[in-house]
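The two complexes that follow have chain A in common; it is paired with chain B in the first and with chain C in the second.
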Partner chain A sequence: MAKRFGKFNGVPLLFTLVWIVLFALALYFFDQSVIAFMGMLVSLILLYYTRGSKKLKILLGVLVLLVIIPLVAGGNRYYMEVATQVGIYVAMALGLNIVVGFAGLLDMGYVAFFAAGAYAYAIFATAQANEFIPGGLFPLSGEWFWPFLIVGLVVAAIFGILLGLPVLRVKGDYLAMVTLGFGEIIRIIFNNLDKPINITNGPQGLTPIASPELFGVRLDTPFYFYFIVLVVIAFIILANIRFEHSRLGRAWIAVREDELAAQSMGISLLHTKLAAFATGASFAGIVGVIFAAKQSFIDPTSFTMMESIGILIMVILGGSGSIPGVILGASVVTILQVQLLKEFSNFLHTLQQSGLLNLPNQLDPSKFQRLIFGLLLILVALYRPNGLIPAKRKKNDLEAIKQSKHASESLGILSKLSRNKPS
Partner chain B sequence: MALLEANGLTKKFGGLVANENVTIKIEKGTIAAVIGPNGAGKTTFFNMITGFYEPDEGEILLNGKSIKGLRPDQIAERGITRTFQNIRLFKEMTALENVMVGVHSRLKAGLLGILFNLKRVQEEEEKARVEAYKLLEYVGIEQIANEAAGSLPYGLQRRLEIARALATNPEIILLDEPAAGMNPRETVEMTEFIKRLKSELNLTIILIEHDMKLVMGLSEYIHVLDYGRKIAEGTPDEIRTNKQVIEAYLGKSASEVS
Partner chain C sequence: MLLSILPQVLVDGLTLGFMYAVVALGYTMVYGILEFINFAHGEIFMVGAFVGTEVLLISDSLGVLQGMNPFVALFLTLIIAMIFTGALGVLIERVAYRPLRSAPRLVPLISAIGVSFLLQDLVRFTEALARNEFYLNSPTLFSGAIPLGGNVSISIKGIIVIVLAIILMFALNMFVNKTKWGIAMRAVAQDQSTASLMSINVDKVIMLTFLIGSSLGGATGVLFAQNYGTIDPYIGFILGMKAFTAAVLGGIGNIRGAMIGGVLLGLLEALAGAYMGPLTDGAFGAEYKDVFAFAILILVLLFKPEGLFGEAVKEKV
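Up next, the complex of A and B:
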């Protein structure tokens, strides 16, 4: 970007502010406008590229998400629903980003962990658990939603480790195939685990799953889920950022870049890959719990291979390994998937009904979802091979290193230096 | 007792015998070279020492303890590190981060410690950064600390790879063709640099090299492999006049002529 525009050094702050106000108004005045909604999301991208201090930008971003959007669109079920859906996918994509983006493990069965989290909550938050645990204790009340966020995390992480142990013996394309298979196996197990003991209720699915409750208030509208998802995303982003520049994050990237060299640096391949699998899985687990609570109904069809591939597309499209990129990728794909195409379809339908257009049913745009994703991916691969916002490593502040209080210590092998050199 | 002992190592790939009954002893604080014509099994030998291949037969002892069957990362932790014939850096990472990866096994931060950004973890990271920077200074490339490793010129990549290996705090460093692709001046610099590693850091160095000037000028002891077998060992002077070695390199008639 910087290269092509010469002196591109960020969007002026004023422009961003005007943009935010403009689309906030649009969101307020138009009831179901995808354009207004997208404009609001674009304001976050603008913010990312805006000139100014990081703190101010983050503050503005939080303001937009926590105050402006709920204020102008909070009463609008449609906007809140779309925003929550986008949020759920952003959170999942960020989880997959750890596995695919950082550690370079092509996981095509990611949705299995999402399913594990969703079922962990759904089984106990419906009467289903009574089928195999006597005592009639279930369904649990909505207050249990909160501890179950942790339960979902742990269950999914365990799934991640159990799947990872056999699967991580293979690499590259083979890993993709094996994870694809395992993802399907998990779904089929959930589909068939209604006999001999009925645990998942099989293809009939589970319903009604208890909505979250907080201090006796039932949080069952998209408005509340919007906030729950925001908090979870904030947590996942924070985790992503901290991992990225940590001992573990470096090990992940080292393994991605060169397994042999990573090993000879003392990095255990198995531990490192398992950690990536478990971490990525645990995020999907949390999101699964939220998804189950939000939908109030789940069945195995929500967790097909296409979902896994969809999330993978978000990561690759946005920029594998790049946190802002993945957020953008997930937003773009979700909006395209759930809104734009549907919207366009509806528009064509109205034209058809009014007799202006005679479109055969087969040409309904919402049927071309995968085709459009395919084209999108090809375009990105051609023109932005590293994704919409490519990953880049943070530069270290060398002055700070030189000024560090450890700068005078002799560390590691160089401690031999002071012994051998008379100074 | 030798620091590193390889006793009767044999490695076969199907019908190909890459190493056959190779016995090599390395004394502490010396520079040893493993030489031989292309395909003699030098890199296979390195790969067995560093755990990438498990020997079919034989034993590897470090300080008298067997390290055979350990994984490469476990061997790295025990103090044997290496560089690669065809430089293997983490290309997307900065030079500084590459070296920080080398410090990995001496850091303790776990998943939760990182997630909650504990004081202890921050401290450890800062130390690792300083150590990595100092290593870059030591090999003389601190000015490129923030460049992506993949974008560096060849000579600097070689140095960076050595800095990264040093970050594991090794006792023994295996250099696989450290001067490959270098011009004569760079080769001389590399020779001096390897000497410094030994004298200043007490390192034991084993190198594979084709540049005979570097090998003869640098190593105190030379082991010669040919067709997977060790055909000679000795000081540079002994090797230079060894009939079998000349034969292996130049063919039979050459040794008859000389």
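Up next, the complex of A and C:
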């Protein structure tokens, strides 16, 4: 690619700015246009490839997300709803990225942790908890949403450790099957835990889940959730970036590349893998709490294997291990899944009504989800196994380190030698 | 009361178990050679069920089925379904797996998951287009039951499933152990590069493995449709998972192990489904029987990952 473009060193800043303004206007003037919304998201990708300093680009990105989008589309329920949905999946995909992308553990039951977080909030934010805790204390009011973000995190992390302890002894494709099995087990258990003690209300689900409240204001429209989700994403992205090059993050990558070699370098396999599992799970837990509060209704059908696979596709399509890639993958798949197919089938319906086209109802594109997921998975595996934006390895310039102000003796094992040197 | 249903439960378990066993063979053969879990194998089984049912439905509507001996009809259906799924298996291997043979291990697995989704939706669409619904009711070729005294009886179709499954497994066992191609297959499973030095065409052997495994899966699909009557495009997933469990239970890569593992799992599951509810006073009823199978998978992988009959493999650097 790079060769063909010659000196491609980024999109000109002006182009990106014009693009942002153009689609901000489109977002403002069109009521429900998925194209305008996608254009706005593309502007973030453009920004990623724009020439210019990192600080400026981040600043512009934050500006787009925090100011421009709420300003032009804040009053529009549709856009805010789509944006929130995209955000929820981006957050989850980033969480799974730690497990699959960094540590290389193919977790196909990720949605179980999402469910754990969602149920943690839903059970106590509805009257459900009265079934097994006497005193009629429940439902909790919406102010409890905020502490429950932490509770969801902790509950999901505990789930992650409990599942991880037995599961992480197997590896590779076995791990995929076992996590898949565990995901299904959790769903079946949630589905049947309405007896002997009614904890999850079984297949009927839980409703109405209290909306979050802040200083007495009920935050129950997509507009508020948009911001909540943004904050959570920012937190998760920061965590991802911090983890990536930390000691733990490098241990994850070592384990991913070669378990035996990592082990012989003194990395504890179980600890590293458990940490990956728990971290990934805890992010899913937070998102689960938000999801429960946003939907105000949850039942086990929201947590099927399809969801797990969908999130996995986001990570793999975008580029596992690559933070911008995963964000892109999650946005693409979510929009495809929730909006584009629906729009396309509506479009076909109008064609049909005007008599231009005769298509049987069974070929409605909105039902094509599995087909498209399947094709995407095969094509990505065959042609782009590293995803749309492959992960970059941070390059350590050894020569530069040697030349740097740390003398060679103060680095690594040499430092110990020199410290013990008799003076 | 609990004991009086035991014969019925055992026969149900055996029927289910033999079906698991034949599907598990497909997993275990592919794993033995490629060390790769063919995730789409459950869907091949499902396609077999649909092809078989369609053959029966179409020949029924053409009026061919009425005068035919049910055994002949079942035999022909099985042959057609096996040819179809065998070809499908080979096609999938060629398109989705072969280009990835040297890729990291997780990549072909991802491709296989994709194939499995693709097949589910393709079948659903074809059926929805052709018949306006994707749940099919299979015409039953065999009805009636053999009474066993009391109000307990064994259905004839169950016995037919068991007998046919045994024949298929016996044939496969003969093939693998007695024929030239079977020997080639075992050689490739042991060491691909050495086998290719012995002038064995590895690609062809792998193709053959997929052909045989998939046609066995397709045949089981036909038997499943006969035994349970109703099929939908999603039956392959759960059954595939359980057959995989059976393969792991018997020691993956081990053909006889897969057979025994399948039967064992079927029996355990039937017993759990029938007795778990009454024994726990209804707290954990038959709705947990899928959990039970998954729990067995996890327990086996944890405590005896080489399975009941497999050999423990030392990891090589």
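Just so we're on the same page, the second predicted complex is superposed on the first by the 388 of 423 C-alpha atoms of A that agree within 3 Å, B and C clash if a C-alpha of one lies under 4 Å from a C-alpha of the other, contacts with A are read in each partner's own complex, and residues count from 1 in each chain.
Here is the rule we go by: contacts are C-beta pairs under 8 Å (C-beta built on N, C-alpha and C of every residue); 3 or more make two chains touch, one makes a residue touch a chain.
Predicted model only: the values in this text are computed from it and were never measured.
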Which of the two partners, first being chain B and second being chain C, lies in contact with A:Phe368: first, second, both, or neither? second
Practice task
Name the contact category of A:Phe182: first (chain B only), second (chain C only), both, or neither.
Solution key: second
Quick check on the superposed pair: does A:Ala251 touch chain B, chain C, both, or neither? Answer first, second, both or neither. first
Output check: A:Val167 vs chain B and chain C. Expected answer is one of first, second, both, neither. What do you get?
second
- Message: Tell me the contact category for A:Arg242 with respect to chain B and chain C: first, second, both or neither.
- Response: first
Touching A:Leu260 in the superposition: chain B (first), chain C (second), both, neither?
both
Quiz item: Which partner does A:Thr279 contact after superposing on A: first (chain B), second (chain C), both, neither?
Solution: first
Go through the superposed model and pick first if A:Lys395 touches only chain B, second if only chain C, both, or neither. first
The shared contact residues of chain A with chain B and chain C are 260
Listed in rising order, chain A residues that touch chain B in their complex are 239, 242-243, 246-248, 250-251, 253-254, 257-258, 260-269, 275, 279, 391, 393, 395-396, 398, 401-402, 404, 406-407, 409, 411-414, 416-417, 420-421
Chain C residues touching chain A in their complex are 36-37, 96, 99-100, 103-111, 113-122, 125, 128-129, 132, 237, 241, 244, 248, 282-283, 287-288, 290-291, 294-295, 297-298, 301-302, 305, 315, 317
Contacts from chain A onto chain C in the complex sit at residues 104, 106, 166-167, 169-170, 172-174, 176-178, 180-182, 184-185, 188-189, 191-192, 195-196, 260, 305, 309, 316, 360, 362-363, 368-371, 373-382, 385
The residues of chain B that touch chain A in their complex are 50-52, 71-74, 76-77, 81-82, 84, 88-94, 96-97, 100-107, 109, 111, 114-115, 117, 121, 124-131, 133-135, 138, 142, 145-146, 148, 164-170, 199-202
